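So that we are looking at the same thing, I have put the structure below in structure tokens.
For clarity, chains are labelled A, B, C, D, E and F in written order, and residue numbers in each chain start from 1.
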Amino acid sequence: MPRLPRVAELTANSVGWGFFLCSRKEMRTGRSGSYLALLLQDASGEVRAKVFQDVDATSLEFDAGEFVKAQGKGNSFNQQLELIVDKIRRVMPERDAIDGFREEDCVRCSPRPIDEMWQELQGHIAAIGDPNIRALLGRLVAAHGDRLRIWPAARQVHHAYRGGLLEHVLKLVEIGSLLAERYQARRDLVVAGAILHDIGKLQELSYEMSTDYTVEGNLVGHIALGFALVRDAIREVPDFPPALAAEIEHLVLSHHGLRELGSPVEPMTIEAFILATVDDLDAKIQQIRQHIADDGSDGPFTSYHRRLERAFYKG
Amino acid sequence: MPRLPRVAELTANSVGWGFFLCSRKEMRTGRSGSYLALLLQDASGEVRAKVFQDVDATSLEFDAGEFVKAQGKGNSFNQQLELIVDKIRRVMPERDAIDGFREEDCVRCSPRPIDEMWQELQGHIAAIGDPNIRALLGRLVAAHGDRLRIWPAARQVHHAYRGGLLEHVLKLVEIGSLLAERYQARRDLVVAGAILHDIGKLQELSYEMSTDYTVEGNLVGHIALGFALVRDAIREVPDFPPALAAEIEHLVLSHHGLRELGSPVEPMTIEAFILATVDDLDAKIQQIRQHIADDGSDGPFTSYHRRLERAFYKG
Amino acid sequence: MPRLPRVAELTANSVGWGFFLCSRKEMRTGRSGSYLALLLQDASGEVRAKVFQDVDATSLEFDAGEFVKAQGKGNSFNQQLELIVDKIRRVMPERDAIDGFREEDCVRCSPRPIDEMWQELQGHIAAIGDPNIRALLGRLVAAHGDRLRIWPAARQVHHAYRGGLLEHVLKLVEIGSLLAERYQARRDLVVAGAILHDIGKLQELSYEMSTDYTVEGNLVGHIALGFALVRDAIREVPDFPPALAAEIEHLVLSHHGLRELGSPVEPMTIEAFILATVDDLDAKIQQIRQHIADDGSDGPFTSYHRRLERAFYKG
Amino acid sequence: MPRLPRVAELTANSVGWGFFLCSRKEMRTGRSGSYLALLLQDASGEVRAKVFQDVDATSLEFDAGEFVKAQGKGNSFNQQLELIVDKIRRVMPERDAIDGFREEDCVRCSPRPIDEMWQELQGHIAAIGDPNIRALLGRLVAAHGDRLRIWPAARQVHHAYRGGLLEHVLKLVEIGSLLAERYQARRDLVVAGAILHDIGKLQELSYEMSTDYTVEGNLVGHIALGFALVRDAIREVPDFPPALAAEIEHLVLSHHGLRELGSPVEPMTIEAFILATVDDLDAKIQQIRQHIADDGSDGPFTSYHRRLERAFYKG
Amino acid sequence: MPRLPRVAELTANSVGWGFFLCSRKEMRTGRSGSYLALLLQDASGEVRAKVFQDVDATSLEFDAGEFVKAQGKGNSFNQQLELIVDKIRRVMPERDAIDGFREEDCVRCSPRPIDEMWQELQGHIAAIGDPNIRALLGRLVAAHGDRLRIWPAARQVHHAYRGGLLEHVLKLVEIGSLLAERYQARRDLVVAGAILHDIGKLQELSYEMSTDYTVEGNLVGHIALGFALVRDAIREVPDFPPALAAEIEHLVLSHHGLRELGSPVEPMTIEAFILATVDDLDAKIQQIRQHIADDGSDGPFTSYHRRLERAFYKG
Amino acid sequence: MPRLPRVAELTANSVGWGFFLCSRKEMRTGRSGSYLALLLQDASGEVRAKVFQDVDATSLEFDAGEFVKAQGKGNSFNQQLELIVDKIRRVMPERDAIDGFREEDCVRCSPRPIDEMWQELQGHIAAIGDPNIRALLGRLVAAHGDRLRIWPAARQVHHAYRGGLLEHVLKLVEIGSLLAERYQARRDLVVAGAILHDIGKLQELSYEMSTDYTVEGNLVGHIALGFALVRDAIREVPDFPPALAAEIEHLVLSHHGLRELGSPVEPMTIEAFILATVDDLDAKIQQIRQHIADDGSDGPFTSYHRRLERAFYKG
């Protein structure tokens, strides 16, 4: 039996076995009896899967949140690819390591290596000119490094995978710096905003293999959570100038650009305008690229994108 | 020379002198030369005023932010009442006290006595059943008592006078409690939300005779400021339950009801729905009553209210 | 064979028989042949049901709109509970009465007893101080008592069951009175508005076991229908003051609060503001409570509520 | 002293005397003392006017709502034409008749003669095929003939002059009939809708020389008032078919086309769509023509029209 | 074996064979194996169809875009009619002609004969008074005659069939002329706008049996494409007056009436207002009539229309 | 008599003479007689001015659209700076050249020298890799060079001065290129879009000293005009690939980003998203900087900006 290709390369003709993270497992009842509906992922993406055989016995072999070894074949259902699973069990770490099982291969992941991104972030902070801002960033990044290294940027919309938040942050630092220079805006402020704007997501989302909203994430939201983290950290930097503090908090609070998008205040400085523009652009480009990559339709245009309310030209 | 009536009772026929707080003073140039444009207030309201005589000399006699003694007569200009001032100078406290000058008579003020309101607030807090909530409220109210006693609720829209915030808060406690009981909602949460929802206004607005936005007030806003105050205070109550903390912060953050009105999260609990409803209703009723009181138009309907986009029936 | 629990307590493990009202019955064709798709209800709620066996013969045994005796078992399909029916026939009143069949147990119903609510309504009317308003309410309630006692408040959204309209009206009287007192508004007007605001629903909806829109209900709508009923009744009260008439009609017409929600005029009096606020709050709280009760999802938040566009916190 | 041209032809160079209706008269105080601010009209339009001389004495010579004889000259103030009045007194009917005073020349008026319009309306009603609709229209038009002949269609927006409502109604009958024929819609229904759609304006507006909203007009509005008038009249036509009644009431209620424009129900029949379209088109064309006629700006485009949010091409 | 009725008259009880155009053919995988999902049409409408037997062999017998002979029976699936096909093959023109096959019977088509419509269009152009406009229309219609005769007006929304664009254009000429006359607008301009407004659809849509968007259609859109066609043609009419050119281009660009509906400029002339109104009304009436015709629901109201957001009264 | 400072540095205390372009001149009538209301500009900005003395005679000395020599003093009126002019006459070129008169000093102008900007533009075009795009840009820029060098980008909103369009275009090329590189988008397309997006403004606006809308500018608009210019030029480049043509036209048509902002199609490619984002950001930053520069208010925040609906933080 051959090995299945990575999820991103699965087709209706794929047959074989592979290692995955099972992020969802539900018993459902169809017309011809019960079956298991699963969601499997590896570093390259995720795919729905179904088990129709020996459902009750098979169900005991693994749980949602576990790594699994699964054997099956691709299928096209309602124009979406799925995996019909014949056998599945939880991974036995030692034994399966022989066949090449590695945890990191089974979790959706940023295309950029985490360590490389982390070093880049440290470099950006070291390059900040303003000592107060540099101290603030250093303190916050150190305090939340464990999460910041690996957190996803969202549950679904964009950069929704391991390291996605850091990847998104670094892109914003890169683009934001350029715009700040070209428009003679205060570069340090834009970089600070880029690094801090989504820091509340470390508390808004839980991320343990799979991503979900925390209670606080729903009731308070990442904008207010991030603001509180930043405000607390500012207090710990001795003699942080109050006006600078207000501007940095403003960057975090206004980064969605509009009140109807969840920012309680709207950008009132050039730097806040730049940050909100760059954040929006980066998220949109990632969504469009993802949609084009996922698109299975014929012809030069993708299918309709619900959130962005249009089709895209694939060229 | 007779004494002028209170601002609320001034007419185009009023002639005499009175004590006021001068909250604005600007030199302007009209067709026939310079004049001083003033805003004067007493406990009952505020009125525009103009000085046309001896402008340069008179201007040296007082400044914006000072209490003044002014003599003049009412006038109707563009259908608005104004005061044409003949003489004006800053108050000389000892001397003018003989004529009845008292600071508190010259500042716009809640119709309810401050001490009475303060005691009522203390009573509400003492009546809270949940010890964590009671401790939180006690701590916050004690820490900010100086401001909370006298703060206005807004610069212009509603309850925009000394003690206005406290008056508004107490009304929300009263109405919110009733609704909580009638809908079997958690009364303690609604009361906490009512007391805390606008606490960020203590930092959003500066209030020293006249009211204005602080830098932080504009850049951060009272919703985020209030949330931060509450979050800090919660940390100081030992063993405050995290889920309760999230719910109370949610009450503060969601109290405008809709994202487009500045709440970064929208009500997700019955208690948050009740609070947002009561806050909106109380502010609207105060605005309508104020508009009817200020209205000088003939007939059974008021003039058009810009913010509420309609006229009201005076009956 | 055991008796099935009430609809509200059905689970995927329930097995047995019960009495229901069948409010919908359709023949459908699936991949493996025809089946009957039903909607069954009792006092506690409603549930979808399917008949797969002996479809043609079984279909002759009952019709939509009839009370039925059904035997079957619970099932979970697409995460929704349904009943797989093995046997079903129309109720035989005498015979089934022995097994405990009672019509009123098979129709969705307000949790409050109708007679108790009716007496409460009479008490509220008797307590009205203004003789004109009291006469008007007495006349309208007497004329439409048969319907007003049992009518639902809606087909689906909220209070959509026998007696639901009366239950909703009484809650509005209760809450509206309190707010009127606390805000020194005219209590009699608010009570009149609460009792009359939805009276057009008696003509908008047909209700004979199940609820639907009438032709007039769709083309004219309950707001205009209610206004016409009130206007006609006012004409029959001798010497009813015209300004009072206009205010009461205004309460009915403006009770949705905004033109885009179907009110041709928006509230122009304090009383109309209170009524629209209370109506909205009561409908929202009922919907949230219903949604939380119906919610089958895991975790501290409900599934997404389409109409209210958010999830709710279950605590 | 020459006679002034008609209001529509006044310029900054006009000098002389004329007869007008004075529809507004207010005492105002400017920098150089009191003056009278007037609004004068004749059949062709209206113009602001000011009296600066002998203000107190002159003010006794006439009142708002009276016909006046005025002498003065044109002036351009803030780019708007006004009349600087030197002498003004109330009309002395007999004496001034000699100089050509006629009441009808001094009131803004439809360009079409009232009697001609009235006969045309009677012809349209007589041509209705459906006896029930014909009876209904005959009854309503007879009952309200006095007002329907002379009423304006609005206070300001369009057809805001004597006979304007009738002129607007006849245009809608004309255009609506054509569209009904071309689209095989039921012509009688469209004609009925055209005649009845604004009948509530007879109660919404008061019109005695000048136009204003009644209490009922504000609190109930012409859509509900018109619906009630029609519903009452339908009841008096024996055996009026209920479904036809609902459709006619629907025409009146839905004629603004959208809920946010004040229709509590939106068009659900072809005829209601046609009526709403024609009503909107006729009102818009009248506003555009009026704006072009009033426009004093240079160049091929008019000034900006606030309500329609654009400039128009004058060609 | 009998012949199937026309698509518009198919029911769940229909059995037999017929000729169709197959406009879509997809292989899908269900629970019990693969099947072919088809879309079949004739002059009267279109219907979904499925092939479950001998799928692989059958699939070789025809392709999407070909005329087919199919045999099967009606079925009702999820409340929509479909055809379960037993046999299907591509048409053999000579042989099938004997059984009455004609291409034109198998393509959805305007109810009006194309030649009759074409002559009517020529008559309208000949009747234009302005020689420049007449020359422009003559040139454009001659250059694009092949497409203009047969093009659909849309892929789905309204007049979505052979000759639909011409049918829509002629209705707009008819109604637009009448309104122009009755409102003393420039008839020639309105007629030109009616003929030209959608001419960009000849490039926006591809139409070869079935309709789709072209690359240019998506990226540029019919409004800009039509404007470019008109602008090019104007250049070829010697001495075309520039102001007239701008007005005609304005008609094409503004015909959707509002920017949010895709018009980069909004109507600034009476003629452009009339055109946009008539285009909207004609499209809406066609949609409503189609929806009523397609509606299979019981009772006096149709099912809900998603695009128009309401149900319609069937009378 | 000293020379006045440049307009940008005028204060209420300035006294002296200077050279200006008079872009508006109107006779107005105030309470104390007629006066001339002027708009004067030099390279640094524009200022309102008034002539009160010898109005009739002075008015003969110059016209709107002429260069003038004026003497007067600054004044603050309604918190806006104006110039009270004592003497004014049209420039006598030879004679005034002696005193330093130069046309280019009297017209509002980009801060960057035109020749430098022009060379930069040529460099950008030469650097384009795709020969078709390079040919297209070369052709268009050559054909419209005269206007493109000096045109303003708008009448009022942003870059509303000589050379403003070119300055705006170059900024978009700069920023757009960077973003294209960083996001691996097609740089040539983004540069082409940046250079061409506003080319329709060469026809939308007239610019002869002062700026105004042309007839075509209003009726057709710069988006459609630019699209037509580009489409015509594409036709003249032999063998221009059709798909590339559609993409470039899409860039021009979609550059406002949203239909409600006047783009008939919305961005469907990454490059179009980048262009619309950069155009919006550049215009906003220019407006904010202009508003801060113009702002005369005290305190750390500017006055309210109507178009952007907020105040800005001046820091």
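In the analysis below, contacts are C-beta pairs under 8 Å (C-beta built on N, C-alpha and C of every residue); 3 or more make two chains touch, one makes a residue touch a chain.
This one's a predicted model, so the numbers in the text were calculated from it and none came from an experiment.
Contact with both chain C and chain E is made by A, D. Between chain C and chain D, two chains of identical sequence, the interface residue sets overlap for the most part, with shared numbers making up over half of the total.
In this entry, A-E is the pair from E-F, A-E or A-B that repeats the interface of C-E, since more than half of their contact pairs coincide by residue number. Of all the chains, the one whose CA centre sits at the greatest distance from that of chain F is C. Our note on geometry: chain B versus chain F, Cα centroid distance of 44 Å, whole angstroms. The distance from the centre of chain B to the centre of chain E, each centre being the mean of the chain's C-alpha atoms, comes to 62 Å.
Annotation for chain F: residues 31, 215, 218-219, 243, 247, 250, 268, 301, 311, 313 touch two or more other chains.
Touching chain pairs in this entry, ordered by label, are A-B, A-C, A-E, A-F, B-C, B-D, B-F, C-D, C-E, D-E, D-F, E-F. Taken in their complex, chain B has these residues touching chain A: 215-216, 218-221, 223-224, 227-228, 231, 242-243, 246-247, 249-250, 253, 259-265, 268. Contacts from chain E toward chain C in the complex involve residues 12, 30-32, 75-79, 299-301, 311, 313. Listing the residues of chain E that touch chain D in their complex gives 171, 174-175, 178-179, 182-183, 243, 247, 250, 266, 268-270, 273-274, 277, 280-281, 284-285, 288-289, 301, 310-313, 315.
Those residues of chain D that touch chain B in the shared complex are 28-31, 213, 215, 218-219.
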